[in-house]
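Reviewing the structure listed below.
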Amino acid sequence: MKKFLNNPEDFVDEMLEGIYRAHPEVTFADGDMRCFVTANPVPGKVGIVTGGGSGHLPLFLGYVGKNMLDGAGVGGVFQSPSSDQLLSVTKYVDQGAGVLYLYGNYTGDIMNFDMAGELAELDDIETATVVGNDDVASSVVGEEHKRRGVAGIFFLYKVAGAAAAQMKPLAEVKRLTEKAKDRVRTMGVALSPCIVPEVGKPSFQIGDDEMEIGMGIHGEPGITRKALEPVDAVVKEMADRIFAEQSYVDGDEVAVLMNGLGGTPLEELYIAYRRLGQLLDDEGVTIRHVWLGEFATSMEMAGFSISILKLDDELEPLIAAEVDTPFFKHFAG
Amino acid sequence: MKKFLNNPEDFVDEMLEGIYRAHPEVTFADGDMRCFVTANPVPGKVGIVTGGGSGHLPLFLGYVGKNMLDGAGVGGVFQSPSSDQLLSVTKYVDQGAGVLYLYGNYTGDIMNFDMAGELAELDDIETATVVGNDDVASSVVGEEHKRRGVAGIFFLYKVAGAAAAQMKPLAEVKRLTEKAKDRVRTMGVALSPCIVPEVGKPSFQIGDDEMEIGMGIHGEPGITRKALEPVDAVVKEMADRIFAEQSYVDGDEVAVLMNGLGGTPLEELYIAYRRLGQLLDDEGVTIRHVWLGEFATSMEMAGFSISILKLDDELEPLIAAEVDTPFFKHFAG
Amino acid sequence: MQTLDAKTVAGLFPRLAARFEAERDALIELDSKVGDSDLGLTMAKAFRAASEAVGALDAPDLSTQMKTAGAAIAKAAPSTMGTLMATGFLRGSKALDGAAALDVAGLAAFWDAYANGVAMRGKAALGDKTVLDVLDPIARRCEAEAGKGASLEEACAAAAKAAADALEATRDLVAQHGKAAAFQEKSRGLQDAGGTVACILADEFNGFMQALAAG
Amino acid sequence: MQTLDAKTVAGLFPRLAARFEAERDALIELDSKVGDSDLGLTMAKAFRAASEAVGALDAPDLSTQMKTAGAAIAKAAPSTMGTLMATGFLRGSKALDGAAALDVAGLAAFWDAYANGVAMRGKAALGDKTVLDVLDPIARRCEAEAGKGASLEEACAAAAKAAADALEATRDLVAQHGKAAAFQEKSRGLQDAGGTVACILADEFNGFMQALAAG
């Protein structure tokens, strides 16, 4: 395992120490560094809380900041935060308008958020939940509830954050976020595994010339494993699966996220994006917003994912809203 | 070679196609995609032009944008742009106030910028030059002119860009940029090589448990190659070399750039930053600004660099100025 | 033995901690096949935390032991299995509320509550290839042994045997939940990782009782 | 042969292109030891571009050939060596200004201008372990041959020999410029990569002349 670290058991906490040192705009609740919250809560605003395992920076905590999230429960690498921690975050974040739980569709996270929500209710804090399930590769149409949540949650954060910043009530924030959730799809491809520091070895093997289309961000299996092809062909195969679920009509507008999994250079992401742009041109679809870079990673895993959100008049302005977090900044046009 | 690409010869141009598709705020001069320029030049402002080989995104072109650079000559992977291309960029960028050439200390780049400057003079465009040479590992004290330019140029871009945006004249922009250059130092460490697409294999080998302290961003040798140590020890060794050249006194303020070389996860950068922060605390130095992430990469190379700029009253506000480029955004406090 | 006082029962937790520490790499390996390799880490952490928390109590009754263990696990290992095991102990603690000593009826009630808690929290059904497919047979066997008037060591031996058989039977199932679900048919033939944990629990309960019975 | 007309001289460029294509991998390998592995790519591109550009001209004189080659190289391969070779051809072109045919005196003037241009652009001195340490001996040898009244094939053979010796001698030097400079003492013992390119140039000039002389 070739990683820059000290004791593998301290990986997450030392990372957090570094983050708090670097970014005074975030802090932690209840004396527990893993209860990550904004230092500037907005009175009366619906709180947005996310959470999940570490090893995916800037997910999840990286989106806590102005016009986006208010708190995040930070788990061990690829492990859920505990219900206690989520409850602490919830209590800190609640400003009387209730809290939206917004996280990815993984059993551990679901159970802990459910437990936290039950406990929050006892404290008279209203919670609502939206579970991201954008990964097309992880289950068939009709079984969307079984799909994993991956990079597409970025768009949900943006919509929820902007809606809450407009002081909309919890039910409305939830409705808009649900709408975005129903309209976003992601496909990923991976070339190499990553190593969980405490485990010390890769959790799967992949051949020197192989790729896995549809692989999950913890190395869960995807749709096909086969010899690496030119990126234009790879993008086509990925895009086809997404397009099939978005039934475009001429003039549709989308937001695109080209997300590197950690080990893939930005140069390659742009080459891939070039092809995606051509394919969307062919569909008569306009890319109204695009972000490229690392938004949801698996540490050093090589690969990338494409997320496409089909916009409408309600979602577009929320996606366009200005955002300022330590890990993600967006100047409104 | 496990990379997402089509024909390796098209690597740079397809990357540029992707970039121009994604970011309408940049465009190209003279019909040559490698003559990368802002779409919104500011009349009367000193132009800032950089350039260098590809394979280092977001270097160099990524810093073309509001309050930073105006143009960049884009070379092949690890190769200089041509003097013709630099001249085209210079002509486009010049707004009557002259142009500052600001790039890293590599022979190919120096010669091509020199040639472009000689040609620009024939066109009555005034140019001045500042050559970044922040890499402590690449030559001894007293021979600073032999040092390579690496990630620390980020700070020079910020200073030059902010100074030019204030409509300062060329000589003053150059003076401030020179000052920043004299006050910035960088040390890097690498764990793995990268592959130039057209070459197809790594340009050097490194053992499974080895690191190279001081390695250059093209894989040039550094100071020592040895077994990987805990990151706290690695950071200490790197910081000591920088500190030795900055002779801090209590109360000094610095700006820090923790830069990933491409393959190293953000988590690890924060763990490294934690240690650097402790060490600067021990020196009585305040970190006034910090950026962590990928600012100057070598494609998939694993490793990171630490750059420290010793601030003063003149440089601090320039470093603090707001910036908006497609690849780098900074909200002023 | 027909009953065991609370003080003696507390000796179970260091045993569990030691056992899961020993099973660490085997569980990592197992979870790496159709999961994310963390199970060995999380279970070692979970039961170390449970043992430390229970060990720090001053003469706790049975219910308090189980509640403390559950709360400690929930904190220390909030993964899928950590959370489920926490839920199990917390529910089991309620079933032992007021019990001064452990008997086979109490044991059966504990496991029944444990399995129900897991089913509720994980929204899993029998046959979904989860830990439930081992927990439920343990509970059912303990109930049957209680009905027969078996001793604690007899009941635990029978439950351990039932768990081992049930674990073996998970091989024929296809995973419906968690990360393994993505592997679909490929999960067939493999024993369920979470079920393995349940089997280890039953085995350690049994080992504990046999050691006490042997004096 | 004492002189060669411009039309014949133009045949040199396809030869150079073919030779550098053939040396591609060897030069990559050489540049990988104390450089960044690009030299094979850049030189193949440079001389392909030069050959294409000169080939596209209609009956160019000597000076125009060299100028066109230089400009093409500057565009196609703006690396250190590409830029230096471009500068060399551009400067050499001036030395041949007005010359209707190539003779040994012209050849000597060409190489002298070439070497001076490289020294000026690269700010390198003799002994710095660069391409200059091979270019300069080529120029000096050609001058000496011109003084002796040698034929083109004799001069080129002598220059090629001088280049090979000079290249061998670069092994004893320590690199002062470019990426190799970082290797300091480790660069000793290795032949200079840029010098190898100059040696290939002299060798191809020679091969070209010998082939013509042999008819």
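So that you can tell them apart, the chains are marked A, B, C and D in the order they are listed, and the count of residues begins at 1 in each.
What we mean here is this: contacts are C-beta pairs under 8 Å (C-beta built on N, C-alpha and C of every residue); 3 or more make two chains touch, one makes a residue touch a chain.
Small disclaimer: the values here were computed from a predicted structure and weren't measured.
In terms of the stated touch criterion, subunit A and subunit C have no partners in common. Among the remaining chains, D is positioned farthest from subunit C, on the basis of C-alpha centroids.
Between the CA-based centres of subunit A and subunit B the separation comes to 29 Å, rounded to the whole angstrom. Mean C-alpha positions place subunit A and subunit D at a centre distance of 56 Å. Mean C-alpha position of subunit B lies 33 Å from that of subunit D. In terms of inter-chain touching, the protein chains here are arranged end to end in an open line. Under the contact rule stated at the top, the pairs of chains that touch are A-B, A-C, B-D.
Subunit D meets subunit B in the complex at residues 28, 32, 36-38, 41-42, 74-75, 77-80, 82-84, 87, 121-122, 177-179, 181-183, 186. Those residues of subunit A that touch subunit B in the complex are listed here as 2-7, 11, 14-19, 21-22, 54-55, 57-58, 191-192, 208-209, 228, 230-232, 234, 262-274, 277, 290, 292, 294, 297, 299-300, 302, 304, 324, 329-331. Subunit A makes touch with subunit C in their complex at residues 75-85, 106-108, 111-112, 114-115, 138, 146, 148, 196, 198-199, 203-204, 216, 218-221.
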